[in-house]
């Protein structure tokens, strides 16, 4: 239930080379390796008028919270924390995105379950239903991010780099500190914040 | 979210008259009126080898907890409390029965959802899926008990009489006291316990 | 931090013999041995007009909660639970008594500390300051009850017998059940309740 | 129990003028006015080999948490949060200082009470006993900071400026974000972080 390493392999387009060069310099500060956050692959969006893309959120910190309706830790910790983050930060600084990563109980789940859940829990932040995968039970975005399960929390900086990737419950104080630090980075600066949480 | 009155109208068979005569004597102690707990009407049972009936549990206290998988208060309060009651009392003294009373989000719910939920939350007490109702969204047992919503908790004494009927979160200390008091009543005695919780 | 056995040695006056004869019969139901609850030895009473005595409370269940102002578990668990018990039960059924059993930090403690504490935490139940002991750090009532530390909770039945003696945090549901069961016993009956909490 | 405005009046020495010039530029970002955090006036220090001074902590973020042993909100919220902050951040980034601001129950309090409290609650961060005030019940540091009561939390940036001053319980996520943002400011830069918590 601890935190995971960042994905070892980056997923780069040609145009991302300059960004990754910066990532390499940042790497010693934050994680053992950095990679550009893969774009979300989404079947359906909720709580948003139009599909979101990470590319279009490049100047904000993005908090991606993967969950499942039938996962107790997601319901007890992950989803309420995502809502608290959404309520605490300015949307222009921090974008919170829920990702329903259906990787088990496929027979029980349907988009109707997610829709009813969002309604009953009065969730207000944008939520994506991860794209199902013909090749197996793990949906596309979850696979791409190499998530270990739900809940998972990914912090993406203003440059689109993955700066934290945690599996299981996260501490509010520490996550707050990490998000707060990332908001202070420039969207262009080559000098990364050092997230000071021990 | 407060507690409800007991059902005003009793549901009696001829053979229950003697019991109800006792209920009338008990009424001033516990509630404004007493009635025999209606039998459960169940589509499917989980966590039990064979169907349960209240009639067969007449010498035990029965704690009936109605819930829905997509009801936040059920998940946060009702279901964990049912499991705690199950873990605290001897099964030969107190029978805990969960009742999934699906009265909303019919499009999202299926027995598979309940099965996955029971598995993921590691629930060990018997759970009944309330019998759907052709005439409307309220399933049969829920209708029969005139429940106001979920979670609802019903305490049934050793004689089969409804002694408490609460809607919304219940306090552990008070519920413990009420169950503890009911366990001390004789299954035959005409002298009811006065549940002392204020 | 678990529960303790009941005191092995009873503290009896001649007039208590008949009661203890009953205690012996009850012993197999509740604990390995029963004893009459020793009378409280008190330096000062708070939240009561006159000193209380267990002898005068013989027809009620008594919940005795030992605590210390400078004991974290007392403040986090013991004292709030005592207040909840006081708020939940009718005083005519259940008497809650706090006992400040000062057995450590004697240099820091004074009755003024206790008085300020009671005021700030808005405690309403009667509280006794345990009689200091010239022979050592353990005050008289605490020594007499052989308490292992604070918080400790003692349940005394309507006959004045110790029915439970626990050290450390207690579960609300279980304590509620045990108190509820004891309230159903007759103050004269020789048939004890079997506290059904497992 | 809400947050307070920053002190309206600054307490400046001549040498602080340059810093305050910067404060004026920062004012529009963070608070309606900024002032240099007054130096602590301390009777006794605990959990530190030598007295601390804010002047000597100029390159770190300082979290000052005022509390009282006999204040329920301090014990339930303020003190545990201070310990969590101390456990979460690197001491070289964030200095946590407890301040026992004894402004009531003077008859009950003594340094022995504080010493026993620190021992029992296993607090590890440096704690100052606020200097008593001959002119009244409010001790010197508390008066100087115009604190409204306990618990109070003051965030001081790397330049020594008060950036937040809150009375009552504080949310972990928000405080984490604010501290995290302040850690990213340069100890020399004239460009302040904008604490993004809404």
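Chains: A, B, C and D, in written order; residue numbering restarts at 1 for each.
Everything that follows uses one rule, which is that a contact is a pair of C-beta atoms (placed from the backbone, for glycine too) under 8 Å apart; a residue touches a chain by one contact, two chains touch by 3 or more.
Only a predicted model underlies this, so the values are computations on that prediction, with no experimental measurement involved.
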Inset, instruction - Report back the single chain whose CA centre is most distant from the CA centre of chain C. - result: A
Legend entry - Intercentroid distance (Cα basis), chain D paired with chain A, Å: 34
Inset, instruction - Between chain A and chain B, tell me the centre distance in angstrom, where each centre is the average of that chain's C-alpha atoms. - result: 41
Legend entry - Centre distance in Å when chain B and chain D are each reduced to the mean of their C-alpha atoms: 52
Legend entry - Set of chain B residues in contact with two or more other chains: none
Inset, instruction - Determine the shape of the graph in which chains are vertices and touching pairs are edges (line, ring, star, complete, other). - result: ring
Legend entry - Pairs of chains found to touch, sorted by chain label: A-B, A-D, B-C, C-D
Inset, instruction - Give every residue of chain D touching chain C within the complex, in rising order. - result: 70-72, 75, 105, 107-110, 112-113, 115-117, 120-121
Inset, instruction - Going by the contact rule at the top, pick out the chain C residues touching chain B in the complex. - result: 81, 84-85, 87-90, 93-94, 171-181, 183-185, 193, 195-198
